[in-house]
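In what follows, chain A forms one complex with chain B and a second complex with chain C.
Showing the complex of A and B:
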C-alpha cells in the first residue's frame, strides 16, 4: 500500500513562486494526471514528490514519512523527467543494468523484458548517444518501470513518440495501475490525459486551479 | 555499501573515462619539461650553471611559484605562467563532472540509492583522487622523460639554476641542496583542498563562478606573500624552508586540513537541502 500526501506545498526559487499552496492526496492503483501549460508547475511538483527539490513551505509524505525529514527519497519510485539522460557510451541494456545494480532487486531477464515492453530490442548494441529522441524516451520509460516500483512518475512520456508509441505508453500505464502502482503522469494532450487518468489536477502558475475525475 | 557503488561509478565515469583528466596533465608536463630543459641548456651553454639539472629541479620548477612580489613602478608583476597553469587547469578539469552527473544519469542513481550523503561523499573522494592522479600523471610523465633522456633522477636541487629560473635577486634564501618529500607534497595537498573548496562553492553559486573564485585566490596568492592566502602554500619557493621571510609549512598543512574539512562538511550540509533542477 502506498499513499502520497502533498500538504500545503509552496516552492520559491530566486523569489519566484513556482508552486503555491498545493495540497493533494494520492493512493495506490490509480493514475493521477497533471495538466497545464509549460511553466505551470507540473514538473516542479513531480520533482518535489520525487525528493529532488525541497518545498519552501509545506510537506510531502509517503506513507506518513515526511520527505526531507524522515526519508530523503521515496523508498520505491521510478521516474522519467523531461529529457531522459543516460550514459552515452553504454547501450540501452547496459544503462538499465547499471541502474538496476544499485538495488539489485531484479534479474537481467526482467530488465530485458522491460526494454521489450517499451518496443526496444534489448540485444541492440547501439550506444545510447546514437538513439533517436523516441528511443531515448522509450528507454526512460523502461528505466522507470523495470523494478515495478510503488510510485511511477512520468513527465510527458508521450513526447517524441508516434501513434504506436503513444498507444504503447497508454498500455504500460494501465499495466502499472493494474499491478497496484500509484502513477503520476503529465501530458500536454488533454484528450490522452482524460483517457488514462482517474483524477486530474489542473495547474496554472504554480497553483491547482481544478481537480476532477474525467468521465 | 551504496557509497562503494557510487565511488566505483565515479571513478569509472569521472576518472577512467575522463580523457581530458588523463591526457591533459601529460601534455602540460611535456610542455613544461621542454621549457625547463631548454632553460637549463641555455644557462649551461652560457656558463651560468655548473652542471646539468635533476628531477628535483624539475619539481621545484613545477611547484616553485614565483619570487615575492613587491609592488613598485619599476617592478612589473610577472605572471607565474608555469605555476598557474599547473594549479588552474585541474580545477577546470574537475569543474563540471559532479553537476553533469547530477543533472544526467546520476539523478536516477541518486534517487535509487536513497541517500544524498553517499553521493556527496563519493564526489569528495572522486575530487581528491582526481587531483592526486593529475599531479601523479604530471610527475610520472616527467620521470619517463628524464629516464628516456638519461637525465639525473634524484631529489637534488641546484641553487644556481633555481636562482636564475626564479630570478632570485634581493631576497634572502636558504642554500638548499635536497628537495625533501614533504616540501614537494604540500603543493599537491593545497591543490586537493582548493579543488574541494571549488566543488563546495559550486553548490552555492554556478560552477563557473566557483572556478573564477579559485582563479582569483591563486592570483592574489601570487601577487602577495601572506600566510592568509592559501596559494602561497602551493609555492615551494615561498616556504620558510627556502625563503627566509617565507610562510610556515606547518601552518600551511594546518590550513590545508582545515579548508578540506570545512569544505567537505559545508558541502554535506548544503547538499542535504540542495534543489536538483534540470539545469544548474
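Showing the complex of A and C:
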C-alpha cells in the first residue's frame, strides 16, 4: 500500500514562489495527471515528491514518513524528469545495469525485459550518446519502471516519441497501474492526459487551480 | 551496503574509462623522455669508466638518482612534475561536473542516497588521481631498474644526488633507498589524489569540464608563484619548500621540505575538498 500526502507545500527560490500551498493525496493503483503550461510548477512538484527538493513550507509524506525528515527519498520510486540522463559512454543496457546494481533488487533478465518493453533492443551495443531523442526517452522510461517501484513519476514521457511510442507509453502506464503502482505523469497534451489519468491536477503559476476526474 | 555498491560502481567508472588510460599513457610517455635522457648520460658514464678503470665518480651511477624522481635535470622529469596536476584531474576529476550538468546526479542519488553518492565519488576521484600520479612513476622506476644498477647512493655525491643533509628523509635515502622511493611514492599518491579532488570541489561551482580539469594546475601554479613573496619577506628566516610542484619531487629542487609542511599541505587540501563536498551535499539537486 502506497500513499503520498502533499501537505500545504510551498517552495520559494530566490524570492520566486514556484509552488504555492499545494495539497494533494494520492493512492496506489491510480494514475495522477499534472496539467499545466510551461513554468506552471509541474516538474517542481514532481521534484518535491521525489525528494530532490525540500519544500520551503509544508511537507510531503510517503506512507506517513515525511520526506527530508524521516526519509531522504521514497524507498521504492522510479522516475523520469525532463530529459533522460545517462552516461554517454555506456550502452543502454550498461547504464541500467549500473543503476540497478546500486540496490540489487532485480536480475539482469529483468533489466533486459524492461528495455524490450519500451521497444529497444537490450543487445544493442550502441553508446547512449549516439541514441536518438526518442531512444533516450524510451530508455529513461525503462529505467523508471525496471525495478517495478511503488511510485512511478514520469515528466512528459511522450516527448520526442512518435505515434507508436506514445501508444507504448500509454500501455506501460496502464500496466504500472494494474500492478498497483502509484503513477504521477505530466503531459502537455491534455487529450492524452485525460485518456490515461484517473485524476488530474491542473496547475497554474505554482498553484493547483483545478482537481478533477476525467470522464 | 549501498555505500559498498556505490564504491564498486564509482571505482569501476573511474578506473575503466578512456580518460584514465589516456592520462596513464601520457604520463608514461613523459617519463620515457627522462629515461632516454638518463640512458644517454649513463652510456656516457660507462664509456668514461671503460676508458679509465679507476674513475672515482663510479659511485654517482645509481638507479636512485637516474629514475625520473631522482633527477631534476631532464625534460621528462621537469615536464612530469609540472603537468601532474593536469594528469591527475584528467582521469575522473571531471565526472561530477559532467553528471551534475547532465542531471545524472539526481537519478543516481535517488537510488543511492546523497551521502553514499558524494562519498563514493570522492573516494573514486581520489583513487583515480592518486594512481594517475604514481603509476607512471612506478613504471619509470621499474623500467629504469632494467638499465641502471640499484647501488645505494653515496652521501659523498650529495650534490649529484640532489638529496642533502637537510633534505627530507635523507638518512633513509643513503641507507635504504628503496624505502625512500616507496615513502615518496606514498606522498605523491596522497597528493595526486587530493589534487584530483580539487577538480571535484571546483565542479561544485564551475559548469565546464575543461575548466574543472585545468583549474587545479593553475591554482598550484598561482601558489607556486605567490610563494616567492614568502621567501623574500624579511620576516622569514627558515626556508622550507611549500610548493607541491617542487616538494613532491623526490629530489630537492630549491629548498628542502619537512614532514610538517607535507602534513599541513595534505590537511589543507583534504579540508578544502571535503568541506566543499559537504557544502554541495547540503544543497538541493535540481
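One rule holds for everything that comes next: the second predicted complex is superposed on the first by the 215 of 215 C-alpha atoms of A that agree within 3 Å, B and C clash if a C-alpha of one lies under 4 Å from a C-alpha of the other, contacts with A are read in each partner's own complex, and residues count from 1 in each chain.
As a convention for this text, contacts are C-beta pairs under 8 Å (C-beta built on N, C-alpha and C of every residue); 3 or more make two chains touch, one makes a residue touch a chain.
Here the structure is a predicted model, which is why all the values come from computation and not from measurement.
With the two structures aligned on chain A, chain B clashes with chain C.
Of the two partner chains, neither chain B nor chain C is touched by A:168.
Contact with both chain B and chain C is seen for A:82 once the two complexes are overlaid on the shared chain.
Using the contact criterion defined above for the overlaid structures, shared-chain residue A:54 touches chain B and also reaches chain C.
After overlaying the two complexes on the shared chain, residue contacts for A:45 are found with neither chain B nor chain C. The partner of chain A that touches more of its residues, comparing chain B with chain C, is B. Across the two superposed structures, the residue set of chain A contacted by chain B and also by chain C is 47, 50-54, 72-73, 77, 79, 81-83, 85-87, 89, 98-99, 101-103, 143. Within the complex formed with chain A, the chain B residues making contact are 2, 5, 9, 13, 17, 103-105, 107-116, 272-273, 275-278. Residues of chain A touching chain C in their complex: 47, 50-54, 72-73, 77, 79, 81-83, 85-87, 89, 98-99, 101-104, 143. Here chain A touches chain B in the complex through residues 13, 43, 47, 50-54, 68, 71-75, 77, 79, 81-83, 85-87, 89, 95, 98-99, 101-103, 143, going by the rule given at the top.
Residues 2, 5-6, 8-9, 13, 17-18, 99, 102-104, 106-114, 284-286 of chain C touch chain A in their complex.
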